[in-house]
Structure formats: C-alpha cells, structure tokens
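Listed below are the structures to be examined.
Across the two complexes that follow, subunit A remains constant while its partner is subunit B and subsequently subunit C.
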Partner chain A sequence: MSAATSTPSGSATAGRTLPLSEGSLLQRLLRGAITPGGAVFILLAVLFVAVVWVNPSFGEPPQLIRFIGRTAPIAIAAMGQYYVIVSGEFDLSMGAVIATQVVIAGNYIGQDESRVLPALALMLLIGAAVGVVNGLATTLLRVPSFIVTLGTMLALGGLVRYLTGGAATGNPVDSFRQIGRGGIEDVPVLDVLPYPVIILAVVAVASVLLMRSPFGRTLIAAGDNPDAAGLAGAHVWWVKTRAFMLSSLSATVAGILLVGYAGVHPSVGSGYEFQAITAVVLGGVVLGGGRGWVLSAAAGAFALELLFSFLNFQEVESTWRPTVQGLIIILAVAAGARAWSYGRRPSRTAESAPPAAPAASPTPARPGTETGEN
Partner chain B sequence: MRRQIHRAPIAVATALLLGVFATACSTEDPTDGGTGSDETTESSESPDASESPTEEVEWFDQAVYDEQFDQRSATFEGDSETPYLQYIDGEMTDTSEFKSDGAKKACFANASISNPWRQTGWITMNQQLKALQDDGVISEMETRDAGDDDNTQIADIDYFISEGNCDAFIISPNSTAAMTDAVERACETGKPVVVFDRGVQTDCATSFIHPIGGFAWGIDTAEFLIDNLEEGDKVVALRILPGVDVLEQRWAGAEKLFEENGIEAVDYFTGADPTEIKKIVTDELAKGDVQGIWMDAGDGAVAAIEAFEDAGADYPVMTGEDEMTFLRKWEETGLTGLAPVYSNFQWRTPLLALEKIFAGEEVPKEWVLPQTPITEDERADFLEANDGMPDGHYAKFGGEDLPGYPEVWQERQIP
Partner chain C sequence: MSATTDHTSPSAAEPREPRDSVRRRRAARPAGAARRLDSTGLIYLVLVGVIAISVVLTGMEGRNFFSQGNIWAVLTAMSVLGLIAIGQTLVILVGSLDLSVPYVVSLATVIAAGGMKGLDANIAAATFNALALCALVGLVMGLLVSLLHVHGFIASLGIGLVVSGYLGTNYQGSHGSAAPGLRLLGRSGIAGVIPTAFVILLVSALLVTLLLRYTRLGHHLYAIGGNQSVARMSGVRTALPVITAHVLCSVFAGIAALLLLSRTGVGSPTIGSQGRYDLLSIAAVVLGGTLLAGGKGSVIGTIGGVAIFAVLDNVMGVMQVNPFLKDFVRGFVIVLAVAVYARRSVVRRPPRFGASRPVLPVPSSKGDPA
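And then the complex of A and B:
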C-alpha cells in the first residue's frame, strides 16, 4: 500500500522535473525508476511486499499508518541530512542534537504544562544555533564538516551526560508527548491519523517546494561545484550554513517526535546520524553532493525501517542481526549504484533540452544536464 | 554500549570496515559471532564456569543455577530491617589483623554511574559515607569512575595502589576477567579489599558482596510468567546488551525455564533505548498476540507498556524491575506484573563492611545479600515509601535511615 502511494509521489517529482518529459506516464515512470533516486522506491516496494508476505496484517491501513508514524522521525532526519549531503557536507551531530533536545524536553518541561510552548521555542532555537555553529565553522573556518560535526556531536554528547548522568530522567507532561504519540482519532479506514504522519507530510511538501526554490537550486549547485556556484554569484557559505540549520532543525523535530513516541532517555537518537546518512545513500543521493532527490532520502529511511521490521518479523537471531542488516544494506546500495549507470545513459542523450535544465535541480536528469557530469 | 543500540550504524560500519569478515561470519553459526568475543568476561560468580552444558546457552551453568535456586529460599543471618547487612551463613574472613583505631581512608574504583541503577546506588553510598565520616570510621573516600572502561579501571586501581595512600580498597569491577589481575595486585598490598556487584576470578578479596545473582532473577521472573501464562503463549524478552555476565545469567536462567515449560520466547537487544523497545514490541504485536514481556532490566519498561496501549492490545503479563518508573506504570495500568530486584542497597554494604573490618569483626568471605522481588501486594507500600522520588529511583535502595533522606535522592544529587 505504501508502495502504491509512494511510487507515484516519487514519479510525480520525476515527471514534473524530468526535462525529457516526453512519452506516456508509464514511460516516464520507468525512466525515473531506473535512476538511483527512483530505484529506492522499487526497493521500498519490494521490501513492503516482503514484509506483508511474512506478516499480512502489516498491510492493513491502521497498522500501516502507525508504521509511517513511527518512521516519521527518521524520515524527517534523513531529509534534514539530505540538505547537508547534497551541499557536499556531512552532519554527524544529528543524533546528539536529538538526544540533547530529548533531555531538554524531559528536564525543562517536566510536569509543567505551561512550559510546553517556551520549551518548543527553546528547542528550535538550540537546533538553529547548533546548525549555525556547524555551518559557520565549516564554511568560514574551513574545517571539514566531518570534523566540525563530530566535534559538536561530542560536545553535545557531553552536555547530555552532564545533564543526565547518562541515565533516564522522567518523561515530560503527556500533552507534550501527544505530538509524537497521539493522533486524530476515528478517521475512516485508517482508524487513527498519527500527528507524526501529518508533520512528516508537511515537512515533505515543504522540502519539495524548498528544493524547487532558488535556495534549493543554489544548494545543489554549491554541492556540485562550490567554486562555480560562487563565481555565479551564490553566497556559498550562507547557503551551506542554512543547510546545516535545516539539518539541526530536522533533528529537533525528530527529537520532539521521539520524546512523544518513546520517552526520555539519553540513548534516544544516538546512531541517528548514521541511520540518516544510510537512508540518504539508499535514496540514491550522492555522497559529496550535487545530486539526488529529497523525497528519495525519505524513501530510503522508510526502506531501512521496513528492513528492520522485516528482520523483526522473521525473528532473526538477535546476536547476528546487525550482520544481516549490513549485508542487505550493502546489496541495496550496490543495486542502487547499478541503477545509476543505467540511469545515466538516457540522460546523456538529453543534452538537447537546455531550457529545461534550470528546472531540473533535484532530479536524476541532472547528471546529464548540469555541471560536474560531463 | 552505544554500539549495541543502533542496528543500522553498526551494520553499515561493520559492513563497510569489515566487509570481508562480515561475509565470512554470515555463513557461520550465529551464536559464535555473538558470544565469542565475550568469552573473556565469562561468569564471575562461578569459578567452575568452564563447563557449559549446552551448546546453545553458553552462559548457562547448572551448578551456579542450582546454587542460586536454593539461595532464593535460604535463611539470611541478621535483621531483615537492615537487609544490607544480612548474609547467608558461610565461610567468614577473620579480620583481626586489620583491627585498628582512627578514621581510615577508603579508595573506591567504580565501574561507572552510567545507568539509573548505579546512580541510585552511588547516591546511597555517598550518604552512607557521610554517616560513617560522622562516626569517625572513615576519614574520606577517594573515588575514580572508570566510565565503563576496563583499561581505565585497571589504571585507577594501580593508581590507588601506588599513590592513593589508601587504607582499604573498594572495587566494583567493570568486567570479570579483565579486572582479576588488578584486584589481585590490590590484595597483595595486604590492605582490606572489598569487591561488590560484579565479581572477579579470584577469592583474594576480604569480602565479595553481591545479591544472590542473575540466575535467581531469571528463575523468579520466568516462574512468575509461567504461572500466569498458558503453555504456548508468546513472551518477548527485552535485553539491554549481550556479554555482561549479570545480565546474561538472568536471561540464561529464564530461557531455560521458558523452554522447559513450553513458553515461546524471543529475545531482542535494545540498548535500553525506548525507541527500539517500542518498535520491537509494536512489530511483535503486529505479527501476533504477545502475552508476556520479560526484561533483564526495568529501564525502558514504560515504552514497552506504551506499545501495547498504542496498538490497542491487552496488557501483557510483565516482569520489569523495582525502578519507580515501572512500579508507577504497573500500578497505573493494573497489569499482572512482578518487579524483580537486583538489590540496590548493596551499595551501602561495602562501607559498612570496612567498618566491621577495621573493628576486627569477621565478615562473610562471600557476602550474599537477599534479593527478593516486589510483588503486587507489596507494591503499594513501596510506592508510598518512595513517594516523590524520581522515575529513575530504585524502590529497594535501602537508604531510608541515612542522612539527607529523602531530599538527596529526590534531587538526585550525584556527587
């Protein structure tokens, strides 16, 4: 079912922005699917079928919508990571930002209802501030982002340890947790529409619009070739800094959802940076920047979570589960890379559509139509 | 610890860095990969742990299992009002050689305070220290926190031996085998050495203090679930991480009983991450009914219960721990539950042992403290007694008569 809904959303992006948009919808769909950004949707569909095969009840709408709801935090984090990766950088501080926000929510809000709104403002502010630090250190101080964000990761990790002593504090008031745990009740078919699903949808739509805006185009240009982007008049440092801010803010939103979903624990969020990067890579986004769709990153996150659920349903032995996961992820990325080489060929011949090029930013057609590739 | 928590990152890292190795591994017996590296930390409390009766359950040790099975119903010497001073009758260490007057300096090599159980105990220990300082028994306690690192703790112990100017050593080992040599070096100084919580593979210590043990936990919890479930029912076991003897023994004991009684049990490692716990339980509920939840530590119990609430499923029969968060949720939901206890009050005992040692009173060579689960009937009393305590507090912390009670525990003033 998610396959049915997600494939069109991917192809819609593809169809909208693919410069050579001749041919029937089906042809365009197929063309999109063999690009790395599109292949992840096929992977998603395969995994979905596999999960439903193992456990048919998973395909029922109420189950499915809950699955989407609980995957929302990692999908949002993946989209945040996408901005940074597509601009040619890394953000390793994501998990630490999540943990910090989770602990702040627990410590600051506590059982005081009136603090919910100030806390949300505070958390967003902290999120933005971490992004600014990461961004400015990377762009102005010219420290590699891998190191900068590793530094912020450690710094925030230490802060969390200091605040908590490494162990759980109490959960914040239930009304705050409803953001990540509750939903609109009594929805037909779905049973319940979790708030995280709504938030995910809003973030996804906003991300698509953002990537189609001048900022999005400049971001990709800056990731592809920062020098060229700078010569073309873009303020690369500011564009990249904003990408880091978006990443930290996404982590903040993910943190808010996770407090609701699971509660406060310093271990919440740790490892999210790698999960997000894995999701982005699974989504066919090129490490090093300049290429990939934002929705494919989200789809990569869903594929990862489906894989984990699949292993849960299969009752793979707990001790060697990570090995199985690792191998499947390698295979999936390898398959995606294959799709890359197939996806490139048609786009080479697409050179004849220069006017369409500017509109092509976050699409797989870019390899042929923009800088870097030729 | 972090490494165990997150499946994807490990997966990626393992796969990328050790691609070839991982491939080789995948064809092997899964249990090899999981426990092979932990061979070194094999069971402390069992010097004769070398015999592993089954190939599957390498942590299982029939002799230790039987011993702990019996100890659960053993008679404890001493007043049950002060459980932290009770012990099972056995070999005693003559401490007359240590008898001396005046306040003494204690040196404490702590494994870590990285979980709420250790934090609660650490607070209690410090208040006990204050009481003994007021009595003029202990002058000061110098503490080094190894931060869950074997090498750090070895260095800490060696520092204490060479430069600590210590009158006595208290050691809470980070792991069993790795710490054995360092503990022996401490013993060689001729000063009293008190080991507590996890054990080491030497009996040189003046006293080794611990609750009954992991198998007793496993037996108590598994028997409770078996009594309250039908044959063929499904139990999801949520475990923190592999390779720690006190935790592995809890599961080894429970798993054996589940198998023998036809309970279908499936275990997961969660790293105590509530997100993981909730996802795992949600997936299990999506697959079919789950009648029981077994935990090797109560941290994260609430997330497991919430997964049932969110899925609209009936509450499970559940064993958690005496952590307040579980006790409160247990009362609130009215589920059928049991709170096993890994007696937190043991953190008081080492300093009290030193008091006895310097007074020349004999102390048990192996000081086995009581370890009695909290049942539903007792729950209300413990909730009342610990009213106002934070969620990460442990009901059987045993510090009610110490200075600073209850504010110090309520505020979680971690020294």
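And then the complex of A and C:
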C-alpha cells in the first residue's frame, strides 16, 4: 500500500501512520464517521430517529430491547459473513446451514430435556465441519468460494428438504426454545433482558477482540492481497478456512436463536445469506476483501431491520419492501464506493503533490525493464 | 495487453521449440486458442463422461437416452438456461456479475404476455417492449457498475430486488397470455429432434463468440475483465464495454423469457426465481471454464457447462430422483467438476519468471535506450 505509507502532513511519526490513527480521540471518531464503516452508524442514528418519530413507543427501553433481540440472529449472521467477506470470499451456504441446524434441533432434541447440551455440541460440530469443507475446497482446491458455497448451499439445503420431506417436522423442548425466546425477567428499566441480546453482546465483544488479534490482522491482510500476505509468511489457507468456520458457526448460533422465534421448518434460513451480505455491504465492508470493521457489519444489519420497521410503521405495502431495500443498498454502496480513500489515503492537498514525483522517476527506470524482462 | 500474452505463452513454451516466425505468429494471435481449447476440451470431456453415465443409467431404467423425445427434452432444457448463461458469460468476462436475471426473466414474461393478450398481431410490439425494458434494466445496471463504481454483485442484487418489488406489487399470479404464433415456436423444431429454441441458442452462441473473438468490443471485454486499471491505462474506454455486457445479458435473459413464455403460455411473476437462474447460470459459466474474476473464458465452454446440467437433470428425471435430492446431487457435481477444472488451470498457468518464459516480440520491439 504505497498510498498508506506516504505521509499526510508533517507529523511526528512521518510515513508510519494512517490518517485514521492520528490526532485526538474526537478527531479520529469524526474522521472515522466519514468512512463507509462509520457512516453506517450515522445512518443507523438517522433511521432510529425516523422510526421513533413515526412511532414514539418504539423508543421505550422494553420495546427497543425486544427489537434488538429480534435482530440479533441476522446481526450475528452478518458478523459471521463479515469474516468471510473481509478475507475476499463469499459464503452463500449460511441459509442452508441455519436450516440444517434448525431441523437438527427439532428432530434430535424432541421432547427430551437431557439432549439439549449434546444437541448444542453436535450443532456446533456440524457448523464447524461445514466451514472446514467450504474453506478447504476454496483454499486448497482453489474453487471460487462463490461456487463452493453455492454447492454446499444446494447440497445441504437439498439434503435437509429431502430428509424432512420439505415440511415442518419435530418440535424441540421449551427449555431449548427459551434460548431464542426467553430472557432474564424483572430487570429494572428494560423489563426483560432477552437472551439473544446477551448472546449478541458476547459475540460482538468477542468479534472485536478477534479482529484486533493477530488472526484478525492477518485475515484483513489476506483479503487485501493474498499473495502479499502469503509471501509475508501468513498461512492464507488456514486463515481463510478459519474465517469460513466462524461464518458457519455464526450461522449455527443464528439458527439456535431462530428456533425460538420461527419454529422448525426447512425454509427457516432461506435468504439469510443475501440478507447478511447486504448488511455487511451496507456496513461499508468492501466486497473483495481487505476493508471494513466487524461492528459496522452488525450495524448494517440493524440499519436494515430499522428500515423495515420504518416501512412497516409507514404502512408501505410489504411487497414494496424489496424495492426500497434494493434502492438503499445501491445508494449506500454508490456513496461509499470511493469514500474509503478518506481514511486510507493522504488528504487532498498531499494527494495533489505526487504528480511531481512520478515525473522525475522515469529516467532511472528504463523502458526495457518496465515491460517485464526480469 | 497482459491477458493476451498470458494466453499464448503455453503454446510457445512447448518442448520442441518452434521457429521464431511461428512463435511470432502465435504471439500475435488475438486470443490464445491453444489454451482455451484445452480448458474447453476438458469441459466437453466431462460432458461426454456424464452422457456415458446417463446412457447407462437410462438404459437400466429400460429407456433409451438417445430416443427422439429424450434428445428433444435435453435440448429444450438447455435452451433457456443456455441463453441466460451466454449473457452471464459476457458479464462475468468483464469482471462483473448479474444476480438480477431471474427477476428480469419474470418481468419479461409478464410484460410480453400482458402485451400479446393471446393475439398474433401483438407479437412484434410485445416482444419489442419486453426486450427494450430488459435492455433498460441492463443499462441501469451497467451505468451503476461502470460510472458509480458499485460492485456488480450489489448493483444487480439491488436492481433485482427493485424489480422483484415491482413484480410482487403489481402482479399476483399468472398474467396475460402468449400469442398462438409464439406457442407454435415453442413446439416447432427441425426433424422432431432439434427444437427451434435450441437453434436460437446456437445462433446466439455463435454471434457472441464472433463478437468476443473478432471485434474490438470483444477484446476490450477480455482486457477489462483481466485488469480494469491496466485496460484503462492502455487507452480502453472501460465504461462502454461494461455497459454493453450488462445490456446484452439482460436482453439475453429477455429472449430466454420469451422462450419460456412460448412453452408455458402465460406470464408468471415468479417463474424466474423458481428456476433459480441467477445461481445456476453463474454455476454453468464457471463450470464452463470461465474465471469468476473475469478476463478468461469462452461461450463454447459455457454451453458445455449448461449441457452438463441439462443431461444431469434429464437423467435424474428419468430415474425419478426425489426433487430435493436433485439439489444435493447438483451441488455436489458443481463443486466436484469445478474442483477438477480449477486445480488443472492453476497447475497449467505459465510460470511468470520461469526459465521457459518465451521471448515475446512485444517488449523487444520497443527498443532499449542503452
């Protein structure tokens, strides 16, 4: 990244820092807000104000916390999708994984209270296994992840529908459903603190810590330029495989939560992969990898759900929802298409300077060497 | 253009060291025929294998794979997905993606059927309207991708959602009715073996192949898909080819919709998403050896990929496989086939800094100042 290493203005650590990591906390926050990853939080705030305006009761803590609980599955799925997208891949198998987990929960647990914990272990194991298959097929067999995960989506989805006959089967015990449905009662302000909110908070904190760990840094590097990351000594295949595992595990968690809300049906997760990708992109994460923040992905999911709530309160016909969703995605991405440069490149004044430098350079570099005879 | 030199290097790197003039001629060839023949050959080899297995399996059911009716069924099944996949090939070659095709297909059937109202006199106008609308949708997508720099995935996903919202709001259930002339087209064919729809597919494939091989636009498509920045710095206007690819893709989806309409007889706002043409067409294109990242691939390969799907579906239909299990098999085959192909193409990529790297006339002709 030559753009990143050139200095914006005369600062103490010249040539070392990005504009984003300079100045006081307030300056950094302001600068972060104009990147797409930060802008989604502004969008979130605007949408929230709009929804509260239309329906004041939405802003009351009990209502709000229930909304967060309802949105938790898609937010968790979006954070899982984030790992894969930021490493430069896609995961289309998410919906099928959710359907698989939901059906497993319904059929394996049944009315047997003692099977809840083994079932959870089994589901997480299957989630991890799907991720490993996706990851290894992508990295070692070098099949494009779009195709691999499309294949897993068709295969898993087909298998689940075949085994269930395409109809709702099984019904897990209530104690399992409580994970998605229930919460801690009698909390002072909130009335009820749903379990999904707690799980979401845990996942969010873990994600932030993970992205700050060496794994997270390597993941972003691998998404930005896999060749460079590989040459720098990173095990790109293993890093990407772990990203796929995280994605499938997130889908598993989302599936566990969805059992509480939606019940057991092989079509529960359908469309979740595109919802999650939409949320991630709305959060300013660049398709193709290497740019974006994990919390922005979750914020994108919330923005999307707030938008739907807004449309509901406005009594827009539900059939128009896809249209509005499509327009919003395109607008958000079009607006964000070049805005990342604010955070990653020197300011405008410094940018206008470089033309002088290339003018001088051609003399040492002979044309013959440039055409690639080395 | 680096894409061109990349293509030709394997042919020139053969062990028996061709003479310099031959090497020059090979390097000057517009697109690496040798390499493409390799990958396409592999696809058709897989196709032959799939057909062989199908013949056996069909025979075990006591039926003949090569019977007149079965061939007709396979070719008919190929035609719709094939036309969509041709358009998708163009879009993928230029480095974009089109997820809106199912909705464009639905839109075109509804508009065309609504315009025809079952009368032959309305065919021309309704067809024109439907295709023009498709072209408009493609144009919007192309503009979004090329001028606003929205990723093709998002632009087409968004446009697809917009169209699906329009369809869901304005059309419930089937709509309009196809003209008798169009229905006749759906039933007509050559010698009862080759449906007219398949002839349309072949002609389209031929035209697009010619476009890709012999026109400036075609070469620009490859160049932009290979590396947009390099193409732009080499003096290619990148916006026009991207827009053209998207418009052509949507128009091909529209033609496919007309073929569907000729068979179903009524326009349906959900026919496209039921067929899952977005993902299946992309899978067929990749199965046909086109790089998902763009810049390499051919329409002939895509047709091979579509044929593999069609034969597979046909034999599963004959064996009366559970429709849900079909998806399982399909997904399995996609990954397996692409794994075989992707592995090979990686191994066969010419070494960039290897000793066997051929001396191409392009750099040396520039001369050395020293």
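The working rule: the second predicted complex is superposed on the first by the 308 of 374 C-alpha atoms of A that agree within 3 Å, B and C clash if a C-alpha of one lies under 4 Å from a C-alpha of the other, contacts with A are read in each partner's own complex, and residues count from 1 in each chain.
Simple rule for what comes next: contacts are C-beta pairs under 8 Å (C-beta built on N, C-alpha and C of every residue); 3 or more make two chains touch, one makes a residue touch a chain.
Note that the structure is predicted; figures quoted are calculated from it, not measured.
Asks: Where does A:Tyr162 make contact in the superposed view: on subunit B (first), on subunit C (second), on both, or on neither?
Replies: second
Asks: Output check: A:Leu141 vs subunit B and subunit C. Expected answer is one of first, second, both, neither. What do you get?
Replies: Second partner only, subunit C.
Asks: Is A:Ala334 touching anything from subunit B or subunit C once the two structures are fitted on A? First, second, both or neither.
Replies: second
Asks: Which partner does A:Leu150 reach: the first (subunit B), the second (subunit C), both, or neither?
Replies: A:Leu150: touches subunit C, not subunit B.
Asks: Thinking of the overlay built on chain A, is A:Gln275 touched by subunit B (first), by subunit C (second), by both, or by neither?
Replies: In the superposed model, A:Gln275 contacts subunit B only, not subunit C.
Asks: Classify the contacts of A:Ala232 with the two partner chains as first (subunit B alone), second (subunit C alone), both, or neither.
Replies: It touches nothing on subunit B or subunit C.
Asks: Is A:Leu287 touching anything from subunit B or subunit C once the two structures are fitted on A? First, second, both or neither.
Replies: second
Asks: A:Leu25 in the overlay: touching subunit B, subunit C, both, or neither? Say first, second, both or neither.
Replies: neither
Asks: Both subunit B and subunit C contact which residues of subunit A?
Replies: 165-166, 274, 277-278, 317, 319-327, 329-330.
Asks: What residues of subunit A sit close enough to touch subunit B in their complex?
Replies: Residues in contact with subunit B: 55, 57-58, 63, 66, 70, 165-171, 181, 258, 261-263, 265, 267-268, 270-275, 277-278, 304, 308-309, 312-313, 315, 317-327, 329-330.
Asks: Which residues of subunit A touch subunit C in their complex?
Replies: That would be residues 92, 137, 141-144, 146-148, 150-159, 161-162, 165-166, 274, 277-278, 281, 287-288, 317, 319-327, 329-330, 333-334, 337-338, 366-368, 371-374 of subunit A.
Asks: Okay, in this complex, where on subunit C does subunit A touch?
Replies: Residue positions touching the partner: 144, 148-151, 153-155, 157-162, 164-166, 168-169, 279, 282-283, 286, 292-293, 322, 324-332, 334-335, 338-339, 342-343, 346, 353, 362-363, 366-370.
Asks: Given the complex with subunit A, which residues does subunit B contribute to the contact?
Replies: 2, 5-16, 19, 22-23, 25-26, 30-31, 33-35, 112-116, 118-119, 239, 242, 266-269, 271-275, 277-280, 282-284, 286-287, 299-300, 302-303, 306, 310-311, 325, 390-392, 412, 414
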